[in-house]
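The data blocks that follow each hold one structure.
Two complexes, one shared chain (chain A), two partners (chain B, chain C).
Up next, the complex of A and B:
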């Protein structure tokens, strides 16, 4: 079960969030924005903690791999950072298979419906009905 | 949390900046002679933009062939990637949008770009048809219905890879015809914001149709309208309103 999809821009601002289940507690938009900003910060810090990357080869603080997943009792989140710094997050129930594939598909839809839309301003909230519709179809297919 | 944690590689498709299309100054490539000869038309600008891509690395390609030096008969690699064109059209739309005040003006601008393309497409299709027939019996339609069928089938197939989904005469008038496409490929990724709901970026396609028709001496006013159905929310109708002159001529020519 996929509970929600978030998209966070490279400055840490939430540009898209949508719930796909009714068990997720409804939060005011401001609370979700703060949560997304915090998640962005944690992702950045965990990236700097990364011991697997050789510290000498690091050119900047960004070279490490940040947090990829978090888990709690019965639910969790999967984080995926695109090459351009945009983060895609799904909140899901545990166990859940095929999350990586799902995130790639979400990214594909994002590349098509958002980046190829002349009425979208980069780094600004996503306001594309096409993106929402295609995402809805994708998630509905996973949730059944 | 200032973006400095993140790779600073620029978004490839980023920015509403218009510098990709401001190449009116003679570009560095020697082969795009058209762009310098016609720097004032918008179509000339686009030709120069595409020409620049083909010859952006003159050091690697010893003898750069410009788009005009290629043979005109159909060869391999004549197709353009759908994504590349989607990005190009997105930039065209946002470039045009920054220079107009109203939706109507934006549509007119897109349409005039399509018109230039349509004129060229017509010549190219006619030439290729003649070449395919071995130079014998060159054909150019002159009656209205065959012309519309030519647009419906050949022009659409050349532009979009498949014929239009429908061609019908409007119930409202003898001089109105409609070309429908259930999923227009050019604008498939564009979603119109709510405050511009009147806009249809398929105005570009309408311009192509208008250019082709004009080239065949069938002047018409061509407009695009999005008439979504449940199954095809992006279904687009290209409405062709023929000039009175065409109707008069058809009457004289008879059946």
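Up next, the complex of A and C:
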């Protein structure tokens, strides 16, 4: 079960958020904006706490060493950082399979419906009904 | 693979730290922030001699060193810490603050998102996994392990009900309310060490 999808731009601003289940209570937009900013910060810090020396570089948005997934009691989140610094977050129930594939599909839809749209301003909130309906179809397929 | 363990008390201070297979360097904290007993990092050179070292520091060279943390992990980390002024890595106090910051923010986020008193239990990055266990008295146990492992909350719970109860709570020599010294007990340190080394995934 997918609870929600967020898209966070590289500055930590929430550009898209949609809820797909009523398991997690609805939050006012301002609260979600703050949480997205928090997550952005946490993501940066978690990359610095690395106890190993395996990481190649500790800087740059695409180093991809930050948090990938987190778990709470009964639900969790998956964070995926694209090469350009945009973060895609999926909140889901636990256990959940096929999240990597799902995030890849979301990114595809994002590339098709948002990035190929000449009227979209990068890093700004996503106002695209095409993106929303295609995402809706994708998530509905997973949530059944 | 087990990397490191942090224990935070209800004052949000780190009171205990130990590491095992950690390879990234950590520097000792500056003299102003050096608290005895939390870790076994060598104290930084201090002209005033004001640093209060662990009460176990002197014995360590003779009897205790082999038993507690002599052989491997510490053996590597020690020299790095001593000579490591130029090497990267955060001072220990800064790092502990970052760890606590992550605990607190993720915890608040999980609470807000779920609308319940839900706690986040773990997160993982490509290189490590972070496990949290919280006691009713607001002690927070944080364990870093490699990312492939399952949840290790049970290990932290066992540590709390076993070694922590036995050697810290029931130990009259440890001041649980102190903000200057951590859990300065070699008995606890070796008990933690034993328990971690007993895990099947300790160094695999």
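The criterion applied here is as follows: the second predicted complex is superposed on the first by the 130 of 144 C-alpha atoms of A that agree within 3 Å, B and C clash if a C-alpha of one lies under 4 Å from a C-alpha of the other, contacts with A are read in each partner's own complex, and residues count from 1 in each chain.
Everything that follows uses one rule, which is that a residue touches a chain if its C-beta (ideal position, glycine included) is under 8 Å from a C-beta of that chain, and two chains touch if they have at least 3 such contacts.
Note that the coordinates shown come from a computational prediction; the quantities given were computed from them, not determined experimentally.
Student: Touching A:130 in the superposition: chain B (first), chain C (second), both, neither?
Tutor: first
Student: Counting only touches as set out at the top, which of chain B and chain C does A:47 meet: first, second, both, neither?
Tutor: In the superposition, A:47 contacts both chain B and chain C.
Student: After lining up the shared chain so the two structures overlap, which partner does A:25 touch, if you call chain B first and chain C second: first, second, both or neither?
Tutor: Second partner only, chain C.
Student: One more residue to check, A:11. First (chain B), second (chain C), both or neither?
Tutor: first
Student: Looking at A:35 after the superposition, I want to know if it touches chain B, chain C, both of them or none. Which is it: first, second, both, neither?
Tutor: After superposing on A, A:35 lies in contact with chain C but is clear of chain B.
Student: Taking the superposition on A as described, I'd like to know which of chain B and chain C A:119 touches: first, second, both or neither.
Tutor: Touch status of A:119: first partner only.
Student: Name the contact category of A:65: first (chain B only), second (chain C only), both, or neither.
Tutor: second
Student: Tell me which partner A:91 touches in the superposition: chain B (first), chain C (second), both or neither.
Tutor: In the superposed model, A:91 contacts chain C only, not chain B.
Student: Which holds for A:75: it touches chain B only (first), chain C only (second), both, or neither?
Tutor: The second partner, chain C, only.
Student: Just which bits of chain A does chain B share with chain C as contact spots?
Tutor: Residues common to the chain A contacts of chain C and of chain B are 41, 47-48, listed in rising order.
Student: State the interface residues of chain C toward chain A in the complex, per the touch definition above.
Tutor: 3-4, 19, 22-24, 90, 95, 98-99, 101-102, 105-106, 108-110, 112-115, 118-128, 130, 144, 147, 151
Student: If you look only at chain A, which of its residues touch chain C in the complex?
Tutor: Spelled out, the residues of chain A in touch with chain C are 24-25, 27, 31, 35, 38-39, 41-42, 45-55, 64-75, 91.
Student: Note which residues of chain B are touching chain A in the complex, please.
Tutor: The touching residues are 1-9, 11-16, 83, 86-87, 89-94, 97, 189-193, 196, 201, 233.
Student: List the residues on chain A that touch chain B in their complex, please.
Tutor: Residue list for chain A touching chain B: 10-12, 37, 40-41, 44, 47-48, 60-62, 83-85, 112-113, 115-119, 121-122, 127-131, 133.
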